[in-house]
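Chain IDs A, B, C and D follow the sequence of writing; residue 1 opens each chain.
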Amino acid sequence: MGDIRVTVWHEFRHEKDGQHPSGKIYPEGMHKPIADYLNAQPGLSARTATLDEPEHGLTEEALANTDVLTWWGHMAHGDVRDDIAERVVQRVWQGMGLIVLHSAHFSKVFKRLMGASCDLKWREADEKERIWVVEPGHPIANGLPHYFELEKEEMYGERFDIPQPDELVFISWFEGGEVFRSGCCWTRQKGRIFYFRPGHESYPTYYNETILKVIANGVRWAAPQEGAEQVYGHCEPLEQIGR
Amino acid sequence: MGDIRVTVWHEFRHEKDGQHPSGKIYPEGMHKPIADYLNAQPGLSARTATLDEPEHGLTEEALANTDVLTWWGHMAHGDVRDDIAERVVQRVWQGMGLIVLHSAHFSKVFKRLMGASCDLKWREADEKERIWVVEPGHPIANGLPHYFELEKEEMYGERFDIPQPDELVFISWFEGGEVFRSGCCWTRQKGRIFYFRPGHESYPTYYNETILKVIANGVRWAAPQEGAEQVYGHCEPLEQIGR
Amino acid sequence: MGDIRVTVWHEFRHEKDGQHPSGKIYPEGMHKPIADYLNAQPGLSARTATLDEPEHGLTEEALANTDVLTWWGHMAHGDVRDDIAERVVQRVWQGMGLIVLHSAHFSKVFKRLMGASCDLKWREADEKERIWVVEPGHPIANGLPHYFELEKEEMYGERFDIPQPDELVFISWFEGGEVFRSGCCWTRQKGRIFYFRPGHESYPTYYNETILKVIANGVRWAAPQEGAEQVYGHCEPLEQIGR
Amino acid sequence: MGDIRVTVWHEFRHEKDGQHPSGKIYPEGMHKPIADYLNAQPGLSARTATLDEPEHGLTEEALANTDVLTWWGHMAHGDVRDDIAERVVQRVWQGMGLIVLHSAHFSKVFKRLMGASCDLKWREADEKERIWVVEPGHPIANGLPHYFELEKEEMYGERFDIPQPDELVFISWFEGGEVFRSGCCWTRQKGRIFYFRPGHESYPTYYNETILKVIANGVRWAAPQEGAEQVYGHCEPLEQIGR
């Protein structure tokens, strides 16, 4: 069995404006440390793609060769072409895994797959985030302590307007008083979707080893299954009934 | 507490072409027996709306005065205006109940709310359908026998490409050998959605008392709850933490 | 339709030892303010029952006349007779609602119905608890703000070892850094079960209007449905197949 | 990573009475073809254990060395020692996978883990069973067609009195008119449980390649995950809050 082929997709705009702190934290973009970490894991092979590449780096061929796609976007959700967002959605239905990171809760792809507003509360106030493992037997929790922390993060708070997750793996506690369903799993047709909350662009979250481990665990969990044959549409009478 | 205000929405095209059997079965449209039945129930008050009315009979005002919307469509899903489909979706999120009937599995509104293809298998062969109650304590099952039957119906078969239902109330057995998740419940934001399978336009299904009872049960289940306050967006630090 | 008949069951031991603070907070037992509140609500009618009554106040007749049972226990879980715990379980399966309060997570009845250890983390340190509404459209959230608080409570923290709830209504934030799934719903056969976290015996939690409102909402949600006929066991061939 | 260690547990009574047809179908017991098949799969290593061995072949040591336990029982559920059933339950909570086969729906272990009656309808009438894949992306469906059949099986029909499955993979259609949730998944603490319906003792079901493939898929799905650390009980204030 070959490696799981990951495409780390990043909007990659904040880092390039020369002003935003993320340019200093992630001089080559936040997709760089994520892809580097994944490439260092056995069985994973990552490439990157960004918004300003032709077709956002998500050609039919690129997606056909992607087992799991990670997605980070924030300021330019609206610049993602509708037809390419739809292409990603279709590929998820066929079985490609999707890891939705932080502010990508408002991406076209995630909102389309959820059928929901995906709205939430937020505050940028350098708050401590403590992430609790709610499902200790879930593969996305492999190798984790019972909780882990980020010293400073943006706060996201409930109500997070999503369909009830099929599996809820993490809940975040924030210093300022909020909670958030931080690790949520869904299946849509043959594709697995994992939303993972941390990763505001003003903090070095994607250098944190535990955060990276969760992303790698998510990639392994979301990797396509062979699964069963699918048949849709008009269906002849089954012979053996003899109708 | 006033009545639950139901809008029975119907595409109403098959019945009008002068050829289709549904014109004989439902000379005033299939919305008529549904609305008549609902209006005969205590606590329910139904009106109808159809595709060819201005704004499909679904003006902002009409929706604002609707607690639960039932939806049947088939040959003209594409004629539903995108902005009106989106208006319905937004109203569901705010709390309006939605009862999705039979071939409305392919309606714009349902597909948008599910984020899925909503595809399935089908066959028109005058088959018996036997519907089993899987969750006997569910309010949509109120007053039902452990199973009920339709002598002839269109077959719908699995895989039904939907997000896993929050609650699965009915499973259908078909004479020709297929099964189908026939009664499925979801919540999206504050709105409850019930998909109910039977109701092909060539059969008198919507005169069947048990089928009508299930629709009425669904309406009562999907009626808006007061629920809790919702707050989204930027959020000031909570005072009591004193940050 | 008559009132929903509630039995407020309480272990009622802490309050009677003459030493424990709960004796001062709840001189007649914590079942008193709960039952008083419920009796003041339209459509609800409450009686009380306690551990030291004959058959714990839970005779066959008492249970047959109970629509919803609320349960609080802590120091004397082991004194509940096994046969009476089983009697309660059977009655839940038949449709009686069950509201499981605070330390009743370790009651025989709840552990039996969950098939799980129901273990958790805890700490008594006078911490603020802030309870967030995660499902704003759920009937148990009716009339609530987007969050509510208790100035001082015992902390319960995740991992709460329960089967994944069918519906997760509340998540608690604690001052000391933990989170907890505070409002959880399940169905077992025809019975609805609601676990609600607050209510340590050293605090006047059951005088808090919002807490009492949630309990009343829970009672209304858990009240028995008529539901469908249930048939189990050996099953003759269905005639219409002609086998 | 070593093989997944499977213990194929079988009641093994029907085959030994010299009268029952299962003695001819499975002269060495039905555990034999199951274990043989599993041992022929890469990465799986199976042993067997039966009711009449000391401690039913399920000593503490045997269970400690079992990653996944498959369980078939029927006529002698009551002969399983309560303490050994509880030992199995505890081991499931710790992470051992459990595959529950056919009439083991009424086993002590399964009923205890479900907290439900696990009752159902049944009929022995040599009926065709057709099993539909409802979740084509689930690992238990790997390599399957969209449906598969057994020419003759015992009928099991809904209502199957179980907690709503976390994932529903298969639904069965029976010639006589019933349906059944035939492939159901749950997680309890760290342990995964898969119920799979087919396998009446009077038919050669456990020689069917597709049935055996599903069992092998189930074993792989239920194999223990490393998962996260678990901490329960009294919990000191977390230092970093500085309380």
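Criterion: a contact is a pair of C-beta atoms (placed from the backbone, for glycine too) under 8 Å apart; a residue touches a chain by one contact, two chains touch by 3 or more.
Remember, predicted model here, so these are calculated numbers, not experimental data.
Between the contact lists of chain B and chain C, the overlap consists of A, D. Between chain A and chain C, the least number of touching-chain steps is 1.
More contacting C-beta pairs link the chains of A-D than the other of the two pairs A-D and B-D.
Note on chain placement: the centre of chain A and the centre of chain D lie 33 Å apart, centres being C-alpha means. Each chain gets a centre from the mean of its Cα atoms; for chain B and chain D, those two points are 37 Å apart. Each of residues 130, 133, 135-136, 146, 157, 159, 164, 166-167, 177-178, 187, 189, 230-231, 238, 240 in chain A touches at least two other chains. Those residues of chain B whose C-beta lies close enough to touch chain A in the complex are 89, 93, 112-117, 119-123, 125, 127, 155, 157, 159, 161, 163-164, 166, 175-178, 186-189, 230-238, 240-241, 243.
Here chain B touches chain D in the complex through residues 130, 132-136, 146, 157-160, 164, 167-168, 171-174, 177-179, 181, going by the rule given at the top. On the chain B side of its complex with chain C, the touching residues are 95, 128, 130, 133, 135-139, 141-146, 149, 166-167, 187, 189-192, 224-231, 238, 240.
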